[in-house]
């Protein structure tokens, strides 16, 4: 397919390469142009405006947050103004449920289609076509986007016809991961102060009841205390917990674990970890139990 | 081996059958004798006192809580008084770290050996030799017990020479499971009130990042709202969270998620769920969000 | 002074009467005009537009939330457009820190003055001139407003020159009150289930260490279980906790008690208490402990 | 009256002086004899055994915790063995509900009377006869003790005939104070990071809605960051929260604020504050928000 891609950060760049490898023609726009230029070698066409990225069969956005998405959608020269009638906007970003609903309404009003298709996976997974994708939107939009989304990874699930449902699933997934992080952090700290070899304990768990990628990957990071190689930055973790709490509040759903996580992420930010991976909340658990860095890393 | 087994509840009975099948000679004692008698058909020898169960190469205890273990260990006719010098006591029960330390000290004083080998798994796993076992104790005790523990299931991990280390791992594991329960409960409630098909969402998660037995088993129970088929009863869940908090307090370790779980389990008890499976805390999450039973089951 | 007052809800009406009684000339605007008309008898002038309320020496706003304030400030015919250069806007409402900062900036840009002067007290206190007022804003604005604010009650404190500081104090105060509510609720429930006469216990506390209006008033409501006479409605309580959490997040401040309160208020909403006084969170504490309504009221 | 007093710590010594001043004859026993000897100047008789302190009309115990009380009550030469039939034991200590019930039962079995009369107030209040006392026990015991308890301070409340009810009230009171501490800590931290003068804010609150001793005393300590002059040590605060949670659990009462406090006190202990006043939990709130010591003290 002939498509536009807005956003060439670490996730967007990986996605561009994967789509190009799958035979799609990709026109890339990025605010900081140099990041887009780096994709020329992989076969991307690079443009200098949002409007130019809206001339294909679909435009994909892969951006950091609501504000970034709003800045390229609304206003003169934005996606809404540039996409032709019948055009398709696929949002891969982790955005709020409220913004997803708003985008669906605005695109519909403009005679365009909108679909949310947030992805799970780190930058390497994006580059290697190993992302998990959950999509929601009008049936016709989903069908048109299949060739693209199926290229992104081995698993595509369509969750409903209202685009924001995919965002609810994405936020729920990140909440589950963050909860696993915190529970691992508490368990490892408890074990360590009790004299138990936390690595051996973790090996036991991840080879039995918790034989899953999340526990293996993050359990390892927590036991080793390696939080400076950033797969997903702390401020993004805080942002996502905040989005969960906002969307849950809108549905009048109390979420005690999410509230604890919110406090934890804030504490981690306030104590100077904003440049670390979000798994750094494990360091807070360790420090709150009096473990010095040498002891818990 | 020639061994005694004290405790013929659902877990103990399954273990007896598995050990008999593996060729060990098992003498069973249970306070309510009829439960022990039911094991005669599987080849067990049944006795009427703790002392009679202490005449083999080792005695295993598989009981509900600290009080039950203390009642068969201490006092006239108890294990301490009945086991010969050099005798071995293997505790399979989920008991407190403090009691494990006390048992190690008392048995050592009596010239006996003590080992903690708590198990993970439901009654069916006990009966089918599918338990996961984590053991700790003096090296000689561990070696003597290997033929028994390896018969219980596919995975035996030795975590250290101090018996209570195995109890720390067991409590940590149950804490991780309970945390997974609560996070699933909140995510499913949030998704449901947002109009998302929680079953489809869960299928997505358990076929990707959370592809692990805990999430599959409990996720299914939570989505279906089936909490009356009891694999692990709510009061036992409350007991274990309490043991985690006590042991963590003794090591000066704050555990915010464990605190939330403690409040949740108490709420579930107070609202009349004491005969349900511990996964019933998901019902509390649903009710607190205003979902009536029909909606969340 | 010659002033305008926008907002004739229960608080605004009380304030209008108090200012009229103090000799000020008050022009009232309210979206639902009938509520404003009811103040004619007390001497108020009633107008049909925001602009007409902006012709005096100052305009006061006493509205329910950010959205209500924004709707009368911005746009054609709003306060910003209607107030003359040098005009003064005094916001008595409980609004967000962010909106207060924004109003200060916008009024300054328009050559006008802005001051935040949120008030503590129930409608009776507003009508009887018994409010406590905390004000912040440019010194000249504060001086101009003194005759008005001092008429509102016995206590006026000026907390700084940045208007939003007064909103921080207001939100902090409401947070302290909500925390007192929750702690009373838990203590009363604990005492009751322990067989203790909660009323007698409360009398003891409020005649000794907790000899303060908040504990007396709310302690009484909680012991009696009277939550249907609304002094401050549950949704407003939820709104204020949310504003605290938002403002604290903006300053990177974790607030564990506020997080608990947020979950409590949401639970109370979801369980059907949206028309009750915010002290109804005590009912949640009672129900979570298994106390039926008869027992805890 | 002719009485014995066991425990001459800072609280016990103050109580001894107050009772002596009121004309009672006081025989003091303290494990570390020198602390008792220091009371000779005030007119106390000093003895070297528990038994000798049990020869008057009543014996009072004012000790640190359950273990200390048990050590002087049970066993050979303990209060139970030494007090004559009809003798009266008045426990002023903050002990567990369970121990209070046990003491009532054991004394009754021995034909003796037992009463719990825990006190509120710091050492200075004990010495100056300014304590608040809450008592529970058999009516006859209460009547006999009145001359003593009324001498201790201006306020004596009798809460019931079951001794442990007084302990429930004492624990509830300490929980309310600890909750006030934490809420003040969060509010002050929030205000400070928002640029607000926390001292001025506190003055406003304690001269209006929170015009009560607890808020004035502790608010002042928190604003000044003075936690090294110990009125009530952090480990005692932790102990009391633990007793609240245990007693609440026994009654199946979830207490979310108490759970948070438990985590906070543990964190404060783990971070090296065990020699500080319990108000030091305010330092944890400040540090978790990134305030360095200079900024929050």
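Letters are used for the chains, namely A, B, C and D, taken in the order the chains are written, and counting of residues starts over at 1 for each.
In the analysis below, a contact is a pair of C-beta atoms (placed from the backbone, for glycine too) under 8 Å apart; a residue touches a chain by one contact, two chains touch by 3 or more.
Model, not experiment: these values are computed from the prediction.
Chemist: Which chain's centre, taken as the mean of its Cα atoms, is farthest from the centre of chain A?
Modeler: Using the mean of the C-alpha atoms as each chain's centre, the farthest one from chain A is D.
Chemist: When the contacting C-beta pairs are counted for B-C and for B-D, which pair yields the higher total?
Modeler: Most C-beta pairs in contact, of the two: B-D.
Chemist: So what's the Cα centroid distance for chain B and chain C, whole Å?
Modeler: 52
Chemist: Averaged over CA atoms, how far is the centre of chain B from the centre of chain D? Could you give it in whole Å?
Modeler: Centre separation, chain B to chain D: 39 Å.
Chemist: Note the residues in chain D that touch 2 or more other chains, in rising order.
Modeler: Answer for chain D, listing residues that touch two or more other chains: 248, 252-256, 260, 263-264, 266-267, 269-270, 288-290.
Chemist: Given the complex with chain D, which residues does chain C contribute to the contact?
Modeler: Of all residues in chain C, those touching chain D are 97, 120, 132, 134, 155, 157, 159-160, 162, 164-165, 168-169, 172-173, 175-177, 179-180, 182-184, 186-187, 189-191, 193-197, 200-201, 203-205, 207-215, 244, 247-248, 251-258, 260, 263-264, 288-290.
Chemist: Given the complex with chain B, which residues does chain D contribute to the contact?
Modeler: 242, 248-249, 252-256, 259-260, 262-264, 266-267, 269-270
Chemist: Could you pull out which chain A residues touch chain D in their complex?
Modeler: 266-267, 269-272, 287-290
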